[in-house]
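Dropping a structure here in structure tokens format, bear with me for questions.
Lettered A, B and C in written order, each chain numbered from 1.
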Amino acid sequence: MTRNAAAIRIQNLDFRYRDGAFRLRVPEMQVAAGETLAVIGPSGTGKTTLLNLLAGVVLPDQGSIHVTGAEVTALAENARRAHRIRRIGLVFQEFELISYLDVTDNVLLPYRIDPELKLNAEARARAAELIDQVGLDDKARRRVTQLSQGERQRVAIARALVTGAEVILADEPTGNLDPDNKAKVLDILFAQVRSRGVTLIAVTHDHGLLDRFDRVVSFDGQEVGL
Amino acid sequence: MRSIVRVGLLGLGMAMLLAGCGDGAEKSNDKQDSKGPLTVAVVNYPLAYFAERIGGDQVEVVFPTPADEDPAFWSPSLETIARYQQADLILLNGASYAKWVPKATLPRRKLVDTSGAFADRFITIEHVVTHAHGPGGDHAHAGTAFTTWLDFSQAILQADAIREALVGLRPEQETLFQEGFAALEKELLDLDRELVAIGKHMDGQPLLASHPVYQYLARRYGLNVHSVMWEPESVPSASQWHEVAQIQVEHPARWMIWEGTPAEESAHRLEGMGVSSLVFAPCMNRPENGDFLSVMLANVAALEALCR
Amino acid sequence: MKDVLYLAWRYLASHRVLTSVLVFAITLILFLPVGLRVLVKQSERELTTRATATPLVLGEKGSPLELALNTLYFAADTPPTMPYAEFERVADSGLALVVPLHTRFRVRNQPIVGTSIDYFDLRGLTLAEGRQLAVLGDCVLGASAARKLAAGVGDHVVSSPENVFDIAGIYPLKMPVVGVLKRSHGPDDDAVFVDLKSAWVIEGLGHGHQDLSRPEAASGVLKREGDTVIANASVLQYNEITPDNSDSFHFHGDLGDFPIQAVIATPHDERASALLQGRYLGDDERIQVIRPLEVMTELLDTILTVQTYVVTAVVVIGLATLSTGVLVIVLSLRLRKREIETMIKIGGSRGRVVAVLTTEIVTVLGLGVLLAAGLTGMTAAFGPALIRILILS
């Protein structure tokens, strides 16, 4: 595989929870743009923490994190948030959709909760396109509570991509899905990231999916090396 | 943060107090307080004359009874009643004059009963129709003599009531009204004095009257009058002539007092019975010629002729 | 701003029951004390304005409140009568402008107010159409009376018997409507105004009938004794006063003995007022003089006392309801913790998220305020009528 410029670069990362019970150290890590990376390992080894650090939700005690060219660790909170909503899409195990909104409104949610993003015709068109691409164009105005779990995860994927994210951070994206839906969702996720050149980092416990990814990283201790 | 502030202001900007509908009642369209002449509506000509003499240019007298109608029995139209209602003052004669007044709706505060001062001395007419029906028993329609002004001492009291009412409305013109009244009073007193003298001279001489309208004249000036129910312009019927003849037996009058110039035939036949005619016009309505004073002076002169 | 409103609205719309309950609670919390206050203020104004315009009222000794209510509002319970001579006595004294009131009869549910034409000036009533009372039998309708009786100028209304078995002889009088008054937003709107003498005709104290001296009335004559004609019961009495028969209408007896319910007196000055009231101070006086403003103020004090207790109770309940409402909101936010965290996590601005939540609360509050304002407005609009029904019925 051709290695493009690094979409993600971590250096000398040292993160500790306040109570000091958990510590994550990543001396060096790079993920190329467009690369798909699976992160596996036992529970409590810091996989989700890594995603939170990459998203800028939390800051390390030491080290630097660069995501899509921005040094996330050097940004103020609001700048990190803004960078996150524009550049990074998040997909969760529990989907985390807004139950009282329909499919379209859920996909467009980032535009409504960021004061700088403009919900214009272009955004609506992009949302409609994504909803169509994830196979939900006939359910665009249906409440998400009326969808199956697989369909909900597809909505989450569309939401993650609607602002033109360059990186998708997925935490157990198929964890709550039956095997049939798991395959469908993964097909859609990978089809989207591949077609857009989006970098995908997914935490998963499902070893049966690993061959889809370009690379696999295993978290089996508190120090990860790549 | 800005959006929170905006939202907060929008929400909390609701006004709680809505005034009630408010009292939309419109206020009376009372006559504008004007210093133009007072409108004084009257029910007969003597009152009109008194009001004009006393009020001068401060009053505009309204006396809508047609010249050929008897004001005592005339009925005004609804429009005319409205004119009375809108006047500043409504002068009533009292003594049940103007049969229409009790059946009309007139503002009490504008009414002046000019004979109220001597109401206890009204003369009741006997021989009226009484009837009875239902459980209430007998009741009479009481008759009251109403030509009160023919007793000039009463006329002065009526004029004074008018003066008082005018002063009540235009106190700043009291002097004017007083002057007008004083001049009128003098003339009425002169008339009264002359008639007292005539009455003394007549010394109870029997007189006939063509109509029962001289009760107060007779009482005040000691005239011995017996009335019949004749009209000047009509020739009496045979029964009416017979009635007079019967009256003459006990009441040998040599003069009959008429309200107006009698029909020639009536006068002539009376002459044949030894009864001469003279006119003493009560002047209830506006005279064709002259005014109240000139008519009364002529009346007094006619009576005075009896003394010669 | 649009997005904030949109998200807030979507949440509230999808939780209709919760939203409705909260709006309802806020509406009640706000409306009850305010609406009550408005109603009491209306009561104050309603009861005092008209009373202020009615300086003194004379009536037969008895309940001052009943006399005041009957005079001001033509209330159904008719107080005892007083003789008309008392009215003349006050009128002749020159101490006050006086207006008599006779309020015994009704046309269906509308009170017939027998009075003088001065009443209209006293109350500032003006005509919307037609003319003023002029002759015996005329009636002028208040604006509401005209509507309720479906009568206008040129129509007729008939006085109602006092009871179904009214065979004692109070004949219904058919009266032509000659005028309709402009709306005055008071009890006068409901009245049928007639001349006092017309009211006496309804009462049977005056009547018109065939001329007993005429041949046509022969069948009605029992016997004649000289000038006295004694009629039998078959003599035709008129139940309508027309231009043709008005001359036949007459009253039997002394008008001074005829009944009225009240006399409204507007003294010329304070001295005249004191003199007038002084006349009726004796214990053996049959007549009482009341100041309606004092009577109504006393009534108001009672209302205000009740209001204080009610408002206190309402405030306490309101606080409890408010606390419950706050608790509901707090619990609701707790339940939405995950939703809020998701929005933050995917990059939503904290300020935006707070704005959405605040908008939801403010919208609920705002709707409650709006509804409360609307109810308050309705209370203000219909308050006077409600007060009259509550107090006078």
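In the analysis below, contacts are C-beta pairs under 8 Å (C-beta built on N, C-alpha and C of every residue); 3 or more make two chains touch, one makes a residue touch a chain.
These figures come from a predicted structure and were not determined experimentally.
Among the remaining chains, the Cα-based centre furthest from that of chain A is the centre of B. Here the chain at the heart of the shown protein, by mean C-alpha position, is C.
In terms of their C-alpha centroids, the spacing between chain A and chain B amounts to 111 Å.
Centroid to centroid, with C-alpha atoms defining each point, chain B and chain C lie 42 Å apart. Centre-to-centre separation between chain A and chain C, using Cα means, comes to 73 Å. With touch defined as above, residues shared between interfaces to two or more other chains in chain A number as follows: 115.
Within chain C, the positions touching two or more other chains are listed as 4, 351-352. Along chain B, residues 3 each make contact with two or more other chains.
Here chain C touches chain B in the complex through residues 1, 4-5, 30, 34, 38, 42, 45, 49, 91-92, 97-99, 116-118, 120-121, 123-126, 131-136, 138, 169, 182-186, 195, 197, 209, 212-213, 222, 227-233, 235, 246-247, 249-250, 252-253, 351-352, 354-355, 358-359, 362-363, 365-366, 369-370, 372-373, 376-377, 380-381, 383-384, going by the rule given at the top. If you check the complex, the residues on chain C that touch chain A are 3-4, 6-7, 10-11, 13-15, 338-339, 342-353, 356. For chain B in complex with chain C, the residues that touch the partner chain are 1, 3-4, 6-8, 10-12, 14-21, 23-30, 75, 78, 81-82, 85, 99, 102-109, 116, 127-134, 136, 138-139, 141.
By the touch criterion stated above, chain A contacts chain C in their complex at residues 55, 57, 78, 81-86, 88-90, 92, 96, 98-101, 105, 109-115, 119, 159-160.
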